[in-house]
Every structure is written in C-alpha cells, then in structure tokens.
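The two complexes that follow have chain A in common; it is paired with chain B in the first and with chain C in the second.
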Partner chain A sequence: MFNNSSKILFITVMIIGTLITVTSNSWLGAWMGLEINLLSFIPLLSDNNNLTSTESSLKYFLTQALASTVLLFSVILLMLKNNFNNEVNESFTSMMIMSSLLLKSGAAPFHFWFPNMMEGLNWMNSLLLMTWQKIAPLMLISYLNIKELLLISVILSVIVGAIGGLNQTSLRKLMSFSSINHLGWMLSSLMISESIWLVYFLFYSFLSFILTFMFNIFKLFHLNQLFSWFINSKILKFTLFMNFLSLGGLPPFLGFLPKWLVIQQLTSCNQYFLLTAMMMSTLITLFFYLRICYSAFMLNYFENNWMMTLNMNNFNMNLYLILTFFSIFGLILISLFFFML
Partner chain B sequence: MKYLSICSISFVNLISISFSCFLFSLYFLLNNMVYFIEWEVVSLNSMSIVMTFLFDWMSLLFMSFVLMIASLVIFYSKEYMESDENINRFIMLVLMFVLSMMLLIISPNLISILLGWDGLGLVSYCLVIYFQNIKSYNAGMLTALSNRIGDVALLLAIAWMLNYGSWNYIFYLEVMQNEFEMLLIGSLVMLAAMTKSAQIPFSSWLPAAMAAPTPVSALVHSSTLVTAGVYLLIRFNILLSFSWLGQLLLLLASLTMFMSGLGANFEFDLKKIIALSTLSQLGLMMSILSMGFYKLAMFHLLTHALFKALLFMCAGAIIHNMNNSQDIRLMGGLSIHMPLTSTCFNVSNLALCGMPFLAGFYSKDMILEVVMISNINMFSFFLYFFSTGLTVSYSFRLVYYSMTGDLNCGSLNMLNDESWVMLRGMMGLLIMSIIGGSMLNWLIFPIPYMICLPKLMKFLTLFVCIFGGLFGYLISMTNLYSLNKSLLNYNISVFLGSMWFMPYISTYGMIFYPLNMGQLVVKSFDQGWSEYFGGQHLYQKLVNYSQILFLMHNNSLKIYLMLFVFWILILLNFLLFM
Partner chain C sequence: MLKIILFLVFLLPVCFINNMYWMVQIMLFFISFIFLLMNNFMNYWSEISYFLGCDMLSYGLVLLSLWICSLMLMASESVNKYNNYKNLFLLNIVVLLILLILTFSSMSLFMFYLFFESSLIPTLFLILGWGYQPERLQAGVYLLFYTLLVSLPMLIGIFYVMNKTGSMNFYLMNNFMFNYDLLYFCLLCAFLVKMPMFLVHLWLPKAHVEAPVSGSMILAGIMLKLGGYGLLRVISFIQLMNLKYSFVWISISLVGGVLVSLVCLRQTDLKSLIAYSSVAHMGIVLSGLLTMTYWGLSGSYTLMIAHGLCSSGLFCLANVSYERLGSRSLLINKGMLNFMPSMSLWWFLLSSANMAAPPTLNLLGEISLLNSIVSWSWVSMIMLSLLSFFSAAYTLYLYSFSQHGKLFSGVYAFSGGKIREYLLMLLHWLPLNLLILKGESCMLWL
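Presenting the complex of A and B:
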C-alpha cells in the first residue's frame, strides 16, 4: 500500500482533513475539512486495475458530496438566520445538519450506501472507511444536541447492524454491518459523554484492525474461506475466531469493555428502553458470531487441495499474536489492574 | 508382577489388619473397654462438627470379620477376575467399599456415619455396573436410587439431630428416648436402615444387584452393604425396643423373611436364590433386633457373613465352570465333577439351614428359641417358623438341582475343580463357617442365655427344618409326566415368585406416570411450543427480516440519495412553514 508515494500524500491530506474538521470552530471550517478528507480519500479508494473499487469510490463520492452539499446548505441557512454565530438552537436546521452527518458516517436510516460500497474495497480501505472516516462526522454530531433523531438513528443502527449480518457470507458485508451496529453504540455513547465515545471508538478500531489485518494478509473475503483456510495452524484459526467474538462483545474478551462502559453510563442516565434495544440487537450479532465460531470449531470442513502454506512473516505473526493477546485477555488484565489500584 | 499383584498385596494387608482387629476385640471384650476418639473439624455457632471413632468389641469384631471376608474375596478375585482388563480398578473399588464400611462401623456420629454410608452407596453403584451392559445399568440405577431414599432419610435425621446440639447420637439415645424428636430421628434412621438392608418396600434392588461380579456379591451381600442397615439399627437399638417403631419393624422384617423365602423356592437363577436367602436372613436379623435382642442380631450377622460369603464364592466357581450360565436347571451332578467346591457349597448351605454344630446353627437356633420364650403374637410366630422351613426347603431344592442327577448343560462343557486360588480362598471361609458359630457363641455370650422350653417346642425348630428339607426335595423331584402344580395356580405362583411384584412396583410403578408426563412435557414444550415460540421461530423471523432488509439493499444508489433529498426537503418544509 505504501509503495506508491502519491498514496502517502493522500493519506496525509486525509488525516489533515479530519484534523481540520475536528479542530475547527466554525461550521464552514468543519465542512472544509470534510471536503478535504473526501477528496483525498477518493484517490486512495480507486484502483485502475480493479473495476469494483472504482465503482465504490464513485458511490462514496456521490454520497459524500450530497451530504456535504446538504451540510453546506443547512450551515448557510443557519448563518442566515442566526447572523453567523455558531449557536445551534434551531431544531430543524440542526436536524438537517444531523441528517447529513449521519449520511456521511453511514448510520442507520442512511446506511444503504455503506455495505454496498464496502463490498468493492480491499481490506485496508475498508478499515479506513470503518474507523478513520467516522471520526469527523461523529465529532460534528457531538456538537449537535438533538436527542430524538439521534435516538432513532441509534436504535435503527443497532437493529440493522444486527439483522443485516445474520444472513451474510461475505466477510466485508459482515464487517460493514458490524460497523453499523457499533456505530449505533458509538452514537449512543455520544449522547452521554465524549470520553466514553472516545474509548469505544479506540477499542472498536483496535478490534477491527486485528481482524482486517488478518483478512488482508490471507486475502479472506468469504466465510467458507475462514473455515477451510487455517488448516495448518489451529492456533491462528482459534485466535481469529476469538477476535471475532471479542468484536461481537462476548464478556471475557476485550470487546465487552466499551460496551460495559456504555451500558453502565446509559443505566445511570435511566435510558432503559434504548439500552434494551441495543443489548437485544447485540445479542443477535453475538448469536451469529457464535454460530460462525461453532461451525468453524466443531463441524467438519473441506480442506482445499490447492491451499497455500502460511505466507505470514515473522513480524506480522508477532504483531498479530500480541494484539490478539490484548484482545482476548485485555478485559481480565484491566480488571486485575483495577483491583491492584 | 505375578506375585505382587494388587490382589496379593491387598490380601496380605487386609488379613493382617483383620487379625489385629480381632485380637483387639478380644482384649476389649475381656476388659469391657471402649475407646472413643473425637476430632473436631469445625465449630460453628456452638455446633461442632466432629469426626468420631468408637472402638468397642462390637465394632472391632465386625471390622475384623468384614476385613477377613474382604481379604479372602480379593484373594479369590485374583483368579475369578483374572482375564479382566480392569482388575486393578475392580480391586480398588472393592477396597474403597471396604474403607467406607470401616468408616460406617466405627462412627457413633450421624455425620461421620453419612460419610461411610454415602461411600457405600456410591461404590456399590460403581460395582453393580462393573459389567457394562443394560441390565447392569438398570440394576445399578435401582440400587443407587433405592439407597438414595435412605441417604435422604439419614440427612433428615441429621437435620433433626441439630436440636440436641451434637450429632453424637450415642449420648442422647437413652436420655431422650421418650421425646418426639428422638422418635422422629429413630424412624428416619429406621427408614435408612430398611433401604440399605432391603426390607420390604425396598427389597427389589437386592436381587437386581446380582448383576455385579460374583466376588462383589460375596462381599456386598454377606457382610458389608446389606448388613450396614442392621448394624446401624443395632446402634440405635434403644429407640426401637420401646416404641411402635419396633413393632412396625418386626412386621416388615418378618414379612421380608417370609416373602424372600417363598420367592427363592420359585427362582431358577443360582445367584438370585442366594440373594433371596440373604434377604430372608436379613429379615431374621431385623426382626430379632426389633424385639430388642441386639446381641443376637449381631451374632447372626457375623455367622451369616461367614457362610454366605462362602456360598457366593462357591456359586462363582460353579458359574465359571458352567460357562457363565447361572440357571440351576442346567446344572446337576456337580458333586461328582467338582467335589471340593461342592463340599464347600453344601457345608455353607447346611450352615444356612441351621444344621447342628455348623456356624448357622448357634445363632439361628438361639434366635428361634428366644422368639419362642418371648411375648409374640401368632402371626409373627408363624412367619418366623414358616420362613425357617422355607429356608431349608429352597436350600435342599438348590442342592437337588445342582448337586445330584446328571449334568444338563451343553455336551461340550468341561468341568474341573482345579482353580486353586479360588479354592484356597474358599477353604479359609469353609473353616470359619464350621467353627465360627461356636467360637462366636463362646466369645459374645460369656453367660449363656437361659432358655426354658417344653420338649415339643424345643424340637419345633428341628421338626420344621426336617419338614422343610423334605418339602424342598419333593417339590423339585419332577419327571417327564409329572403334573406341574404351580402352573395350576399360575397367578399365585407369579405373585410369589416375583417377590410380591415389588420389582415392578419400585421400577415401573414409580416411574410410569412421571416418565409419561415427562414425555408429554418434552414433546409439547421443549420440542414443541417453546421451540416454536423460542429459538427456532425467532431465528426464522430474524432471517426473514434480514431478507427483507437485503431486498431494500437491492436498489440502485440514486434511489437512496433521492430518499435522502426528500427527507431534507421535508425538514426544510417544516423549517420554512412552521
């Protein structure tokens, strides 16, 4: 990925765009950052030799451009009414802003572009899309303070994320629906406090990094590949599925920790209904993760005759194992540290 | 390894412990001593849970007998279980069984008794299912569950014993014997003892437990498992003698004696006949115990242990030679082909019948004479003496079928009497079952019982025995054209031959309705409505929703963008016109 110097440029600019958005103190500045981010992400996505990634980049461009247009439009509207000050008190205007930001981040009622687009990407771009590209819109959403639309979006996101992944055999779609589900949790944590959102986001990025890292190395795009690929190394197979469960948020693993925080915070804010919806839908995601793991661990599977040997170098292997260690034992370690304090 | 097998090692150890126990018991008996050792495990709210050991002549003598029989049985198993792959496991199980029995014998404390009691239950289950087949599993389950009732009763008794602040029952029995709570404890303990000793409502497990290997039967049904109940009631004897508990026990025990004596006359399975005879002797012990003569019960317990173990060991040797067939109709003429084994078999059978000057004579004759001089109603009297006659009857029937006539087994069957290890094991017990009765008689009763009877009554026992033997011989002597009298009264025969339907009542009778109900519940709830409204249906629904969701995903991107624009327009509409 980094053998092309233009990619270094675009990634740098993409990061700068996000930073501009996050640090700007006016909506116009935020909009500008988003545009910079978008325009530098598009060249990263498109690959001349690959038709699907070009299509995906186009889809991404259209969607984001529409969202940016609406954002700019509503920001200007806001400024016209409020004499260019930054206060957001006009509910419908801010709902428009919110809608455009939800579209940008791919949250539930406006999520339709997200799985379709991700189906055409390679894993590293998918990772960027799932994690980095969420920072700017989510930060902007945190400035807005309308509970209703956010609440609807959270519930729809978790439900869509849960139900969408149920019938999935494509790993990228699975990950994208998982991302939508986690986005629901992140939005709900945004309603409570930004620090919890930050924690959630970091853990989510960490966990999805481990998985996409492995998927990228072994070029895994479908579930049946997972079942038949790691014949040589049962440890790799086992840890990979543990990471899956960790991403799903099964309690002894690290993925449960951010969920735990959010659950605790929401409980203390008496958001029981929201919490019930979120947890029930997360149960569904856990169900299908567990189902995948069961069939991988316990059912017999086909072995490929043409299977390649493990082409993983030592550094990657060590990195993977260290990260996996944290992903599996992180929650226990953190709890132990907490006891020691 | 041949000479240092687990059997030999255990044999030497057990027999030496047995001898030392015996010597100690003589010493304790002579000096009238009791040793009481108490170790406090934990103390809680003024309740102390203690591990207690009581060594008096009774426990030591019983221990020495149990250990001696166990050592000989293990010695015998060396050949009997020779070709068994898991002989080590088998011997270890037997050793654990003996250990539980030891714990039971030396505990005067309800909690520490429970330790040995539950150990007996568990290990007996493991031993009954040692041969892995369905019949063994069923027998094992019946045994374990019947004994579980007794365990529960014992636990309840422990709970009630909490009233007195300690579980060392021996301190409270005499003082508190008139209290209602103590009576309750007594009845619970009696229930427990009745399950272990297979008294009447719980009899069915004892013949079923014959599925165990024969050495186990020799150990379990002579001196250990089934006598545990009798021993427990010997310890609790005071509670029985002066209350309605004793009367109830007298009735049930003498009925057990009667029932099993009758049943044995209809049985054709060698081991089951012996098991039923054990049951009838247990009934005898229990009934004399319920009248308050606990020393006599102990006496009969010990002598019975000797000859019954021998009887089982002979049966094992015979079964080996009959190619694992236990049907006595296939035997016959064994006294010609296996003279030494037959000698032992006959001696133990005669001892069981109460042949004068063999082991059984001293205890059984004394019990019957004591019954005669006691205040006892006609019914119990009838049961006692009729059962005694029945004992002789089925013994002679057994001898007739197996020892006389021609061999009725397959023509390619080789009988031999050269299994020396088994024979050596049997010889030890043979000597004991000849001299054991008189020896114990002189030891236990330093002052003889005073029994004063008219001549007719004195000879009643002998008369009943001779008549019973004659009867047993005559009913078995059939020829080709003889009329089968028991077939004429088929219903009665089935009733009497199947232990008064007790095996059916305590298996099918217990489980029929719960099992049917369980099937109904499983079919209609677990695999029916719960599954439909629970897991399966929910999953189906979710998959349907997922399909609908993907139907929505099938559209082209512009439709989604159009929808978004519409949504923004709606918002704008509200913004402008409100």
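Presenting the complex of A and C:
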C-alpha cells in the first residue's frame, strides 16, 4: 500500500476531507468535506486484481452520492429558510439532514448497503470504512438537535447489528454487522455527550483495528477458515481471539470500558428502555463473536492433517502481542491508574 | 487484602515455567494458610487496602475460593500428566482465583459486579478448553448467556442505585432502603440465576456434565456461592420489596427443590446427579436467605460454605471413578467397594456430609435454615420434609449404587486410589467436620 504513491495521495486527501467536515463552520463546507472524502475514498477501494472491490466502490459511490445530494438539498432549504425567510418546516429539514447523515454512516434503517459493500473489500479498506469513514457523519449528527429519529436509529441499529450477524459465515459481514451494532452505541452516546462518543469511538477503532489486522495478515475471510488455521501455538491463538470478547464488551476486558461509560451516562439520563434494548442486543452480538472464537477456545478438537501453519514475522507479532495485551488487560490498567489518582 | 492479590499476581508468571505445576499448587495452599492466619473475627470491614477489604462474610468465601482452587489443581493431575496445555490451565485457574478473591473482597457494589462478571470468563475457558465432548460448546453458551442475560439488567440497576445514593460502598448503602419493584427484580434476578434457583437452573447441570473436574469443582464450590454472597450483600437495601415478593422465590425454590430431588433419583450420570443435588441444596439456601431472619442469613452462609466443600469433594470422587473407568454412568460405576474399599470410605463420608449427617457443617446450616423457613411459614414444612427425605434418598442412591453390587464386568484392570486422591478427599472433608467445632465463625458473621 505504501509503495503506491497514488494511494498515499488519496489517503491524505481522504483525511483532509474528514478534517474539513469536522472543522467547517457552515453546512456547505461540511458537505464539501464529505464529498472530498467520498471521492478520495473511491480510488482507494479499487483493486486491479479484484472485481468485487470495484463493485463495492460503485455501491459506495451511489449511496454516498445520494446521501450527499439529499444533504445538499436540505442545506439549501435551510438557507432559504434562514436567509430568505421562506416558510420551510424546521423539523423537515433537520430530519432530511439527519437521514442523509445516517445513510452516510450506515446506521440502521439505512444500513443495507453496508454489509454488502464490505463483502467486496479487503480488510484494510474495511477497517477504514468501519472507523474513519464514520467520523465525519457522526460529528455532523452531533450538531443536530432531533432526538426521535436518532432514538429510532439507535434501537434499530443495535437490533439489526445483532440479528443480522447471527446467520453469517463471512467474517467481513460479521464485522460489518458488529460495526452497525457499535454504531448504535455510538449514536446513543452522541445523544449525551461528545466526549463519551469520542472515547467509545477510539476504543472501538482500537479493538476493530486489532481484529482486522489479524484477519488481514492471515487472509481470513470465512468462519470455516478459522478451524483449519493454525498459528505458532494454540495458546497464541487463544490469546488473540480473546480480542473478540473484548470487542463484545465483556467485563474484564478493555471493551467493557466504553460500554460502562455509555451505560452510566444513559442511566443518569433515565434512558432505561433504550439501555435495555442496547444491552440485550449486544448480548446477541456476543453470541456470534463467541461463535468466531470457538476454534480458538476449544483447545482440543478434530483437526485436519493438512492444517495450514502460518507464522507472523517478528515485528508484526510483537506489535500484535502488545496491542492484545492492552485489549485484554486495559480495563484493569486504566482502573489502577484511576485509583492511583 | 492487597498482599493476597499481589502474591497471586506474581504467581502468574510462574505458571508459564515448565514443570511448575505442583509449585503453583503448593503456593496456593501456602497462601490459603497465610490467609487463615489473617482471621480476626471482625464483623466490620477489616484488612482494608485499595478498594478491597473483608468482613466475616467475605473472609469465609475468600478462604473457600483459595482452598477450592488449590484443591482443583490437586484434582486435575491428569492435565499435568498428559500435558493438556498445563501452563494455560494453571494461568487460567490463578486468574480465576484472583478474580474470585476480588469479587468477594470488593467493598463497592460496582467492583463486585465487575469481578462477578469477569469470573465467568475463565470458567467459560475452563469448560470450552478442557471439557471432553463437543457438547461443551452448548454448555458454555448456556453458562454465558443465562448469566449475562440477567446480569446486564443488574448493571443498570447498580447505576440507578449509584445515582440515588451517591455511593457504591456496601457499608454506606446499608443506610438506604429502596422501594422500587423494577430495581428489586433487576438486582435479584442475576443472583437467582447464579444461585441457581429452580426454573433458571438449566445451565448448571449442562455445564457440570461438560466441564472437566476442575470446572465442576469451581462451579459447585464457588460460582454458585457468588449468587448467595451477592444476595446477602444487596438484600439489605431492598428488603422492603423482598417482604413483598420473597414468597415467590421461596415457593419456587422449595417446590423446585423437591422436584429436582426426584430428578436426582433417576439420574444415571454421576456428575449430573451431584449437579442436581446442588440445585436442591441451593434451593434451601435461597429460601432461608430470603426469609431474612437471623437464622436464615447465618444458615445460608453456613450451608454455602459447607456445600462448597462437600459437593466439590463429591465431584472429585466422581472424577476418581471416571479416570479409572472412563465413564460417569452409574451402570458402569458400580460395585466400587470391591476395587477401592478405602475410596468407599470417602464416598461414604462425603455422601453423609451431603445428606447433612451429624458432625458436618451441612447439618448446622440445614438446621438453622429449616428453623428460619418454618418460622416464616409452617406450610413450608411439607416441602421441607419431602426435601430432607429425598435429599437423604438420592445421596443414599448415589452411594449405594456406586459402591455396592457387582462390579461392572467390562472393567479390565485399573489402579487403586493414589495418595494424592486420598489427600484430596481428606482436605475436602476435614474442614467440613472441623468447622462445626468453631461454628460461630460461620453462624455469627452477621
């Protein structure tokens, strides 16, 4: 990736596009940033050797272009209302903006493009799609002040993310549904405070980076590959897959921390119904995470004689083990520091 | 408390050294004895360090965890012998022990919750990693999801309590009283499932049947007690609601206890029988606890300690037979008196403890529990008498069916009991019968 100068260019422009969006002080500027981001992400997706990624980039372009058009349209409506005193319904415009942004981020009622598109990408692009591409739309959503649609979207996202992943065998689809579920949590944290959203987003990015990194190195795309995949030792595999439990938000791991913050904030705002829906659906996501982990946690199972042994190179292994250490013991370390304060 | 935790934390690297299995095991015994000396019979929090402390209630259970975990290592010698990922096994058990001690000695409700949940993970690993059949996947999923489904609402409840009281400290929270139904159900249900109460007990027999001996020991010995411990802690600030609803749980547990005892009588699987018998015993503990009488609270604590030792010992015995015969079926495990007469003595002693025969701690616990439940309502005498009768019946069934009769003819040859196994049984049985001489350490913690 880093040998390709055009990719470096497009990554830089993609980052700049997001930065333009989050720093702009007008809706038009935000829209412009989104477009720059979109148009530089498309070439990143394309791959000469792989036809599916082209299809994905087309899907991405169509949905995002639709969302941007609607966004531009409603921004113009806003301008007509504010600058020319036209009689435009306020809630209509903000509803339009909100829907277009939800479409851009891939939140639930508008999520259908997301798993389909992920299916065609390679892992690093999937990672970008799951994490970086969410920043701009989510920041814009935090500017809006419309709770009903956001609430519906949160509940739908967590439920769709949970139910959708149940019957999947493709790891990319599983990760994309888990991303939709986490997006629900992020949207709900946006309703309360941006700093908690930031924490949640950072932790989610960290955890999904670890997993995507592993899948990328070993070229894992389907569940059945995990059973016939063998790295240096079983214990190592066991340790690596504990990252999934961390992503699922089980208590002793790092992934519990952002969930803990969101739960605590939502209880203090008396959002009990929302919280219950979110937690129950997260339980279901935990089920499919656990399904991915079976091959690692069952130390003894029937193995093929032709197990594929892949070894990481030393640098990757060390990096990976350090990251995994933080993902597993992070919660304990953080609370240790908290108590030391 | 921190010295215990740090000792165990520094034991973690030792787990990775080869041939350190017995070293770790001895170290766990060592720390158990150190902890034994830390007893000062205080009914208030003592040994406070960091967010940890222990009063008499915590003390007994922490000691029980230390004791059971060291016995777990002693019982799963086969992991060491066949090198079934023994380093990971040691690590897993030491981590589990650390989490359990943190659970029992946390002074704040949230910390308690955090470690309560965390201790589930190593147990899950134990079942999935070292279990025998492929069905262990299902058992693991049952274990995880039964517990998580109810404990996540408890998390919401805990945060609600925190917003209202402004504190999570058990000692300070006793000054509050909540009169709120939903909160009551949120806080209680997690512990009822963990206990487990009849109707939500299905995960337990499954988990026991699939778990290796160490998994069964920790499940019966400690994990079930987490539920009782949690109830003893939270019941103080939801007692008003408990007065209103406790009859539901008590009725379910008592009737369920009788039904489960009947189920026990027709089991052919040794482990499954012992698992169901612990559901029945936990039913009595639960009903005694929820009467909220002095006798009930003391008795439930006593029986929890007693049951932890006794059922863990029975699981060890089942494993001793299993390792020799390769089966847990009662149709194959019969006539063991002919082959291992000395082991039969231990079967007898631990079975008699299970049916609460005189010199054991179980008797003390059951007497006070019966007292409290009968004083709560005399109608419960019907179920209690059936429960006591059947618990004696199925334990006798377990003992006589496995020890008496003709030996299974398909058995070719196997070794007799080893010193390690006799020591293992002794260390289960001895505290059970010695503690009654110092009964106030279990009865007068309140």
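Please note the rule applied: the second predicted complex is superposed on the first by the 316 of 341 C-alpha atoms of A that agree within 3 Å, B and C clash if a C-alpha of one lies under 4 Å from a C-alpha of the other, contacts with A are read in each partner's own complex, and residues count from 1 in each chain.
Please note the rule applied: contacts are C-beta pairs under 8 Å (C-beta built on N, C-alpha and C of every residue); 3 or more make two chains touch, one makes a residue touch a chain.
Keep in mind that this is a model prediction, so the values were computed, not measured.
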Clash or fit (per the criteria above) of chain B with chain C on chain A: clash
Contacts of A:L9 with chain B and chain C, given as first, second, both or neither: neither
Chain B versus chain C as contact partner of A:M298, first or second or both or neither: second
Touched partner set for A:L51, first chain B, second chain C, both or neither: neither
Which superposed partner A:L80 touches (first chain B, second chain C, both, neither): neither
Which of chain B and chain C A:I334 touches, first, second, both or neither: neither
First (chain B), second (chain C), both or neither touched by A:L283: second
Touched partner set for A:M96, first chain B, second chain C, both or neither: first
Touched partner set for A:I322, first chain B, second chain C, both or neither: neither
Shared contact residues on chain A - chain B and chain C: none
In the complex with chain A, residue positions of chain B that touch it: 542-543, 545-547, 549-550, 552-553, 555, 557, 560-561, 564-565, 567-568, 571-572, 574-575, 578
Residue ranges of chain A touching chain C (in the complex, touch as defined): 234-235, 238, 245, 250-252, 256, 263-264, 267-268, 272, 275-276, 279-280, 282-283, 286-287, 290, 294, 297-301, 339
Residue ranges of chain C touching chain A (in the complex, touch as defined): 50-51, 84-85, 87-88, 99, 114-115, 117-118, 120-121, 124-125, 128-130, 134, 136-137, 140-141, 144-145, 148-149, 152-153, 155-156, 159-160, 162-163
Interface residues, chain A side, partner chain B - complex: 59, 62-63, 66-67, 70, 77, 90, 92-93, 95-96, 99-100, 103, 110, 112-113, 115-116, 160, 163-164, 166-167, 284
